[in-house]
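You will see chain A twice below: alongside chain B first, and alongside chain C after that.
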Partner chain A sequence: MSNGADILQNKRWSMIFRQHPLLEKILNNLLILVGSIFVLSIIVFVFARLSPGDPLLAFYGDALEFMGPAELDAARARLGLDGPIYIQYIHWLANAATGNFGLSLQYKIPAMDVISPLIVNTLILGITGYILVFTLAILVAIGCALHEDGLFDRIACQLGTMIYFIPAFWLGLCLVLIFSINLNWLPSSGAYDFGMSGNLVNRIEHLILPLTIMIGSHIWYYAYMIRNKLLDENRKDYVLLAKAKGLSKSEIIWKHSLRNVAPTIINLMAISIPHVLSGTAIAEAVFNYPGIGNMAVIAAKYHDYNLLMLLVLISGSIVIIASIVAYSINEVVDPRMKDTGVTVWEK
Partner chain B sequence: MDVLLHLENLSLSFDTPEGEVQAVRGVDLTVKKGEILAIVGESGCGKTVMCQSVMKLLPGNARIASGKIIVDGTDITNYSEKEMRSLRGTTFSMIFQDPMATLNPTMPIGKQITEAIHQHRNVSNDEAKSRALELLELIGIEDPVHRYDLQPHFFSGGMRQRCVLAIALASNPKIIFADEPTTALDVTVQAKMLNLLLEIRDKTGVAIVFVSHDLGVVARIADRVAVMYAGKIVEIGTVEEIFYDPRHPYTWGLMQALPSLAKDGQPLKSIPGMPPVLLKPPKGDAFAERNEYAMKIDYELMPPMFQITPTHNAATWLLDERAPKIQSPFCLNQENKNQ
Partner chain C sequence: MGEIDLSSFEIVGTGYKTQDEIVLKKSLLPALKKLPWLSIIVLSIIVSGCVFADHISNHDPTMYYLDHINEPPSHEFYFGTDSMGRDLYSIIWYGGRTSLMVGMLGMVLVTLIGITYGSINGMVNTRGDLLLQRIVEVFHCIPTLLLALLLLGTLGKQSVLSLTVVIAIVSWFALARIVRSEVRQIRNNEYVLAAKTMGSEFPHLVRVHLIPNIIPAIMFVVISSISACITMEATLSFLGIGLPLDILSWGSILSLANRALLTNTWWVIIFPGIFLIATLTCISSIANTFRKDTNKKPNRL
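Up next, the complex of A and B:
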């Protein structure tokens, strides 16, 4: 009936599944997650090694020029960069399974240690930005749908189109120039000032500018999509019936249309996670914010394979988990998507 | 009988990039308490637009060009959106053609009905629920207590149309606009729906404006019939007058095009041509182009309403005393009456 049950064809297990469909669902999703991560890791592993450039350069820097061929081969063997790709991959996989993701070639410490202090910073920036982008996008969309072709709608759409096409890094530099250099209101880089990592106000001050460019470059696209979805919905017959009941425009949007576009919004939110994640990378690069997005760019640049693999696995897991969660939420919001199996009238 | 709704020379236009589309052109119409008035005509002749204009449900580019809408003696032509909202549901409500699309797919049926009840009356949730169950009972949904919490996708088309009717009836409206309520249903369900509408009318005394292009359905349900063509009412009368003594050539054409009334062995007649585009309606009678009895005056001057009996009016120059006398090509005799 499903992957989970197929693989564990044990009678006892199938009994448990029949009694706990939720357990089966979780197991299924877990298998999907592991399978996708496995495929993803192969793809990234192969592509990273196919791209031109020498990872030893990251490890040895300029010293590479003074090394003989024998030394180079020895270095490769030591770092696990010798032999055919599939052998390298099996080695990597065997190590990764035990939680050992190898050394960062550039920083010469375990890749996990390079990333762990950065993850929190990125999560703070990413999650706050993500929530703000979508909250504001939905509000702007509702405002536009309420005043279709009105002043607010037109300004939001046209201003949005203009801002959307301004490159985020350029906008970031302008903001730094205005708010950090000229007005000296806000810090221009970092996640917090030295020794103040626990200071909330200091962290928020450092977040304002990166968040501004993340919101500014993402919100319009989503607001416009949600606005159009809402307007499509408003042309449907059930909205006419709601209107004929005597409901007002805003009541119709809040009570009827919004709920029916909710699956679209949730899907949009799920598939936009990589988009917003890449947005943190730009914000991190412009504001020199210590996060994994910035680190991923550096890792790719220096062929820091182990670090890159770990970063891809982390962001890949986030994307896949997000889409699984989005699908589960959709089932709750739109009951038509649920596979009920039996009808309600069955005895 | 009391006049509930009176349309006085109502004209309605849509402003489009191509120009002004005159969808309704000078309609005079009355709806009396508890009657069923059918409005028939081809697609695009303005039936739906006329009904929606009374409830002001039309999109923003529609505007009332002239005329008045009088409901229960009050002129509502210039009512604001807020004032209209208090009338929607209580004075008039509407049911639509496609029952699959008119219910919110994600909201339980019961909630969609109670929402309509709460909108106009300050009642507790329990009272609203018992009223909703009463309504579901009234429209013939079996086992309403179970079905109250189900979403529309558990219902068949006929059941959904009944639920839409329950919503329309929720706040005891005086008029229901039924916009082709049976078109999307199959024939057996259609018959049940018509019986239900008649039953509801008898029980609640609500007037029904029944928009349709199906003359068979109209003959069965209507008290009076208005025939619309190109945004105008061309003939209006009681159902007997329209079916047994039609006077307008367009009505003749419609009747002759009915397959059930066609003579054996002869090809089915149809009205040649297309209805005019209402961007620039013709100067004279809009039907003249397609009318085999058209006279020169039909191309020059719009015909006024000629009275045939106090209840029967038709707008065609053929009724003028100077026009040649033409025998109706269509005759519904007593044999056909039982069909």
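Up next, the complex of A and C:
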């Protein structure tokens, strides 16, 4: 992300901001956030409106055939489909600013109301999966880097590549086939059994299989990247120095290599969020888990594009915010990346 | 001057090498041995099986054998039948045609869009570069699957072509980024400047200098995009928003899997999946040979 410094060219403003670097940083990030979400909304809107599907048909179904031209115009105006596309967009944006994202064409209630109860479920699955994927990926990568070309490394490389290329939905089907249907150990669908939404054990039982396929389909991609980064790091001279000082292998990895790779890992974690969100959507759809990913699939099936636009906007915004957070964390972790705002010759 | 007595000298540091030996002539054999032969053989078996599906299959793929519903693998139906009474062995070969076609066509489209956008992005001035990059970045923020769902949700019933176009539209961003950074590197080189001063036009520059130089860098991504497109097609068709049941593909065959779970008929899930995974793994290991080996230095750990 750019630091938006060119926007702050004005001398007086830059004076004020120089005295308050935190203020400047927050404003910069806000500018980036608003700008990105604005562009995102344009893209989403144009994509949804330019596709040849007829939203009127999706909303009214067969009743459309019995409408006269005046009724059709009224229906278009009601759904915000009249006028040229930029007028439509401005209307939509004005409504969206007040939290009104239009009616869900399928459920005939505001799109926000359809989604809001599902977000928590998705966040539970997504965040748990995300943390597990990266913890395990880092551990596997360290294990591989410790024994390069050793038994563990080779087994992990072969097994990891194989599992990575198993499509997530198929892995999910096989797990359901084995663990729910034939062994009857774990439930195959939903987030909790009927009437047991507060029961933690029941929820965890429902999370195990979706989490397994999320981990299975993502872990090796990231573990392999971190492993290669670690191996590159282990080829640098300071590792030789640390070894000469008498540090053990694991000490070098944990105290030196891993710290130098940390910014890369954080960047990777930020970039991976859309990838992991896609994985969440597949896991939810396979296990019929009530989350926004599963809702997106259902919405796509019924051509409910108001709902889809909102879902894409929400997930896009999550990713943008996360990448800004990652950038800020990186500045703390790796001082080399910090933009001090004061150039050397001004001091 | 007396004669130099060689025995009074001692050679030190015999093992010392200032640089690695450079092997100038490589024989073809090691290069051939490095190729992933197993993958190539398996992939060519699958591909030729799909091409000659008419000769291999022993049943009509469009027929519903209603008195043989959900039959386990037997000597008549090698892979069993699904819940609509279709012979799995036959429809897998025919379905492979569609899946492989989606993969190849998707790869072509992704490469075309990616190279075009990436080259333009790499050639424009700083401000244009910033703008074009931001656009790709914002697209990157949307999960691929959701973007595909958004496009498919507004489209009607899918055909192979429309689905492939959608898949290509959502998966060219990574390639465009790589092409951009390669182009940025190349365009500052002297030979491009020399060509410009000699009066070469932009299309000529792209054709003669740019594309041959970026091909090694993008080969891995391009070949991997085949398997990415196949996976995407299978996932979307499985979810019920890709190809309809009557257009056979590995994904649309697997879209019956939810019904198969209810009846516990494992063969409907396992066999198409094995074909799918075998193809994906083979393609990826072939793509891996195009990856440059970077870790040439010795490990210091």
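As a convention for this text, the second predicted complex is superposed on the first by the 304 of 347 C-alpha atoms of A that agree within 3 Å, B and C clash if a C-alpha of one lies under 4 Å from a C-alpha of the other, contacts with A are read in each partner's own complex, and residues count from 1 in each chain.
One rule holds for everything that comes next: a residue touches a chain if its C-beta (ideal position, glycine included) is under 8 Å from a C-beta of that chain, and two chains touch if they have at least 3 such contacts.
Small disclaimer: the values here were computed from a predicted structure and weren't measured.
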Touched partner set for A:L240, first chain B, second chain C, both or neither: both
First, second, both or neither for A:Y305, with chain B first and chain C second: second
Touching partner for A:F165 - first (chain B), second (chain C), both, neither: second
Touched partner set for A:K255, first chain B, second chain C, both or neither: first
First (chain B), second (chain C), both or neither touched by A:H20: neither
Chain B versus chain C, judged by how many residues of chain A each one touches: C
Touched partner set for A:H91, first chain B, second chain C, both or neither: neither
First, second, both or neither for A:A285, with chain B first and chain C second: second
Intersection of the chain A residues that touch chain B with those that touch chain C: 148, 236-237, 240, 243
Contacting residues of chain B [partner chain A, same complex]: 55, 57, 60, 81, 85-90, 93-94, 96, 98, 101-107, 115-116, 119-120, 146, 150-151, 153-154, 164, 167-168, 170-171
Chain A contact footprint on chain C (complex, rising order): 130, 134-135, 137-147, 149-156, 227, 231, 234-235, 238-241, 254, 257, 261, 264, 266, 269-270, 273, 276-277, 280-281, 284-285, 294-295, 297-301
Residues of chain A defined as touching chain C within the complex: 1-2, 36, 39-40, 43-44, 47-48, 51-53, 55, 145-146, 148, 161-162, 165-170, 173-174, 176-177, 181-182, 188, 228, 231-232, 234-237, 239-240, 243, 249, 252-253, 271, 274-275, 277-278, 281-282, 285, 293, 296-297, 299-301, 303-305, 308-309, 311-312, 315-316, 319-320, 323
Chain A residues within the chain B interface of the complex: 148-149, 236-238, 240-248, 255-256, 259-260, 333-336, 344
